[in-house]
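In structure tokens below, several structures.
Each of the next two complexes has chain A plus one more chain, namely chain B in the first and chain C in the second.
This part shows the complex of A and B:
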């Protein structure tokens, strides 16, 4: 097939192709979008590194080694040990510590997004489905809470109830459910006008059945995009709270806490600050890129372009149309 | 009820809810005496403090006293202000009323946040307009990269990187402190990064919308210079989403300043708050939170006001939300 054929290919045919969406098509689309592909690989590796940190880390993360203090990145300690990202003030291997820190940072991001997602989606769907007083009260609460400075309130609550992993999840659930509630409600309102919901009701489907088997499955993709973005937001928030001393506490270690510790040695050992921050930056960047890709791919208006195999050389990334 | 009056009442209600929330968290979920003295304090010391602070009264009575004091601008006295790191502050004794201290830190925060906002806003408008004028050019890509990076980076880390490069390695600028314009550069740059990315993205998409409208073609057809078409005709009509996002970013700036002030030892309200948290000075923390929250609410109100001025056509819906 020549390039000219490709350009004159009728759009209808492309739509037909898109109708047969398979997981292979999604994978193919991911392969073609190089940036999203690299991001997904990065996140996959990160997940493996976090889960398998005990087995994969080259050094014990809390093992002090005074003969290997402040080894710069790619340096070799006096005892001959090679350190990819250098070592800290106690001679602990930074790369191994980052892998273990990934576990804490990622699980706070994931768990926090999951908990706030469950609370927010439940409330949002109920509000959109039953309307009335529940919706009024809930949406006022959402508007009000969105207008308040959340980092400040998180700090104050943690100040009173004390820092720690569990309390962080609690705070994130309390302060982040609104985004999910707002989106779940508008999606519910949107879908309820469709014929298939009327049809489900006409054949006698109960509210519970309509919500669980008809509404929710149709709302999954935009919510997953939001979920991905929220993980990034929470990883950043966790870093900020830990940096200020109200997040994760030693002996546990997260990336934010590592930056806070490294700050003391900023004039002599720059890598102690740069590396954990770079890990946060790359993770959040990858999550944002994957979310942008997922949004494009699940948008019915533009996904046919992604899911059909390319016939032109470049596939434009287009968010305007 | 007129729209603005209703929004004003809503803001007051929100402030009241927040103050009550501060009371509930501070007094009911937590024990103020324990918060301030720490778990190692003796039972007699705790009792003494409870007696002094009136914590033995019924909770509703405490609440009324708390509200009554706030209305008179009395947030209580600082518990241990005398230990502050600031040399000028160290002269003052413990037991100073907290509100004047919090308010005295406001100018520094305003200076920082204001500089960052002006910096971010002007750069974002220029970049966003250029990106909309030349879609898919390098400048368009640059705007995309900046906005993506700005939501992925941790602000305090960016500040530390700037310190490493400009203070430690190059030795050009001070690592922190307050006083001269050199002290302002790094914190303002750090704080400006996030709003720069967010605002430029919004400017770009709003301008793309406007530039495709017929009146732009008409303006071009009658020979108006292109810069005038973009920066006068289109920008004016694209201003509503731009003002909204700028307002949102300004309220983010006020809390973001907290971290940046900590990194650069900038003596604003954020640094005071973090110091007070560390020193377990509950009255100061409460006053700081109420003042910052009041500012954020005020900014949101101002944005809604700017709305009605910029576009009188906007029909406000019954729920009082932004159109």
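This part shows the complex of A and C:
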């Protein structure tokens, strides 16, 4: 009690502090974590590149230019055009194509993770909350689907319903919801043990209210991490499916498809495979690194550690630096 | 105007606010049906303070949770009657029952730190019931939260409504819990070991606060605890529970001065005293029976120093042994019949 009394602050100061935490603190925390910061910048640039591909791309991505075939990275074509990452077998600028491909890869990753997340989290929370038959059936279904070779199933279904953007999202939702369901269920079970759920019930909270205002906010942290990681997984899956010819189709371009096309020329024009490959690798890596940061920052109990700037010398605790 | 009826004795109170009749709680487990509470009856008058004493696993918390409707079924089974103001809570529609919780009966829990949602500010949590039931605006809810925080004596409530539970000490968290429970002026407050997780000075502050609030609002308080000292100080009437049953109940003074049941006697003898001779504390030998393996006859007989043959086969019923005092012991009955 004395501790509370001692740190009683003047009201304005306390309000300022609270306000500062909401707005600037997140940025400050990101700045302090260098690796996450670089990753976030990379993802930010990628997002800009993907969204603004039409305006920012130096060349038309699908325009063939036979006088500029197989220009190596940083090379200049015979017609004088500079190509940062070189050109492909039809003389199309690789950099511009990567930018346009990013749009497809990123949106498939984001939308796929979002859809499977919504489906999986809903089912998982319901299973964990209501237990019983629903849980048994759902969790056996999850076990079953986890045992399926997802790439083969994806190929099979895409063969039947045909390739394309929408169908890809559908397939990814179908094949990835279990990951979210499993985690959401275990988190629900875990949090239901806590007294605050009983307490919420004791004040007459409805199931809906308990789930939405008491359970979910406490589960956000691990789920955000999973979500970020799933985006990376889906970008990779999309790449494999497109590489195999069942994903995004020809005039559209995605990173996986670019690798598939470049494979034929791997001995003479290595950059056709390496550049999109590097894009996939770096994006997945950046997402993983940001996920680690997001875990710390979204934990309601732990986040103040990251959100408050390092203590000043005048304060007694934690002043090693 | 009608003249107020004075409450003459505790038993002669006109209509009890809460009347529990033969409450039984059992759970399905992989090892079969386990009885947690086996036929408990008691009542609570408006404004009264009732203590429920018992070891861990004696069924004191489970019984109260059953009354609040917090037992999940399956695996739990609750039977008996829980009459609140004459209406049976157990047969009520879930909707009405939810209405009752928080509004009429509120509950506070042992470990306040974990009984508060870590991702919501204390202000939000205090005003939650109020917003839920009174459908008021955000601003009004915050004002109410500040008002309640003032009532439970949280210093500088205005700046603290926006704080998170982890920024509070244990005692402050318990105050927040109490504020949450008080939001709608309930008629009954159930406190499940409200001070167990706190240190002694804070314990005292919380109990004083509860007594004060109780006096102001005239609400009844049910205090579940295993702290006999706490009971002796704060409670009007107490019940001792053992293995899911009431073994003795009565006015707290009588219980402490003339304990009848060997278990109550054992509990009181095992309390450290300031006046008596120093030395090793008395301890009741053995351990309470596991809920699945209840001994035949009196559940306490394996640990009882005074057991007779009858205790092994026949379960004693709760009988009056003195005015307002009842005990479930064959020996107690015999002393009375002599």
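Throughout what follows, the second predicted complex is superposed on the first by the 269 of 321 C-alpha atoms of A that agree within 3 Å, B and C clash if a C-alpha of one lies under 4 Å from a C-alpha of the other, contacts with A are read in each partner's own complex, and residues count from 1 in each chain.
Simple rule for what comes next: contacts are C-beta pairs under 8 Å (C-beta built on N, C-alpha and C of every residue); 3 or more make two chains touch, one makes a residue touch a chain.
These numbers come from a predicted model, not from an experiment.
In the overlay built on the shared chain, the residue A:202 is in contact with chain C alone; chain B does not reach it. Residue by residue along chain A, chain B and chain C are tallied for touches, and B comes out ahead. Once chain A of one complex is fitted onto chain A of the other, the partner contacts of A:217 are limited to chain C, with no touch recorded for chain B. In the superposition on chain A, contact is made by A:194 with chain C only, not with chain B.
Residue contacts after overlaying the shared chain place A:163 against neither chain B nor chain C.
Using the contact criterion defined above for the overlaid structures, shared-chain residue A:75 touches neither chain B nor chain C, since it reaches no partner. Within the complex formed with chain A, the residues of chain B that make contact are 14, 17-18, 21-22, 25-26, 29-30, 35, 148-149, 151-157, 160-161, 163-164, 168, 205, 208, 251, 254-256, 258-259, 262, 273-274, 277-278, 285, 289, 292-293, 296-297, 300, 319, 321. The touching residues of chain C, when paired with chain A in their complex, are 65, 68, 70, 74, 98-103, 106-107, 109-111, 114-120, 128-129, 132-133, 154-156, 158-159, 162, 164, 166-169, 171-172, 177, 180-181, 183, 202, 205.
Considering their complex, residues 139, 143-144, 147-153, 155-157, 159-161, 232, 236, 239-240, 243-246, 256, 259, 263, 266-267, 270, 273-274, 277, 280-281, 284-285, 287-289, 320 of chain A touch chain B. Every residue of chain A that touches chain C in the complex is listed here, in rising order: 1, 3-5, 8-9, 11, 14-15, 18, 132, 194-196, 198-206, 209, 213-214, 217-218, 220, 300-301, 304.
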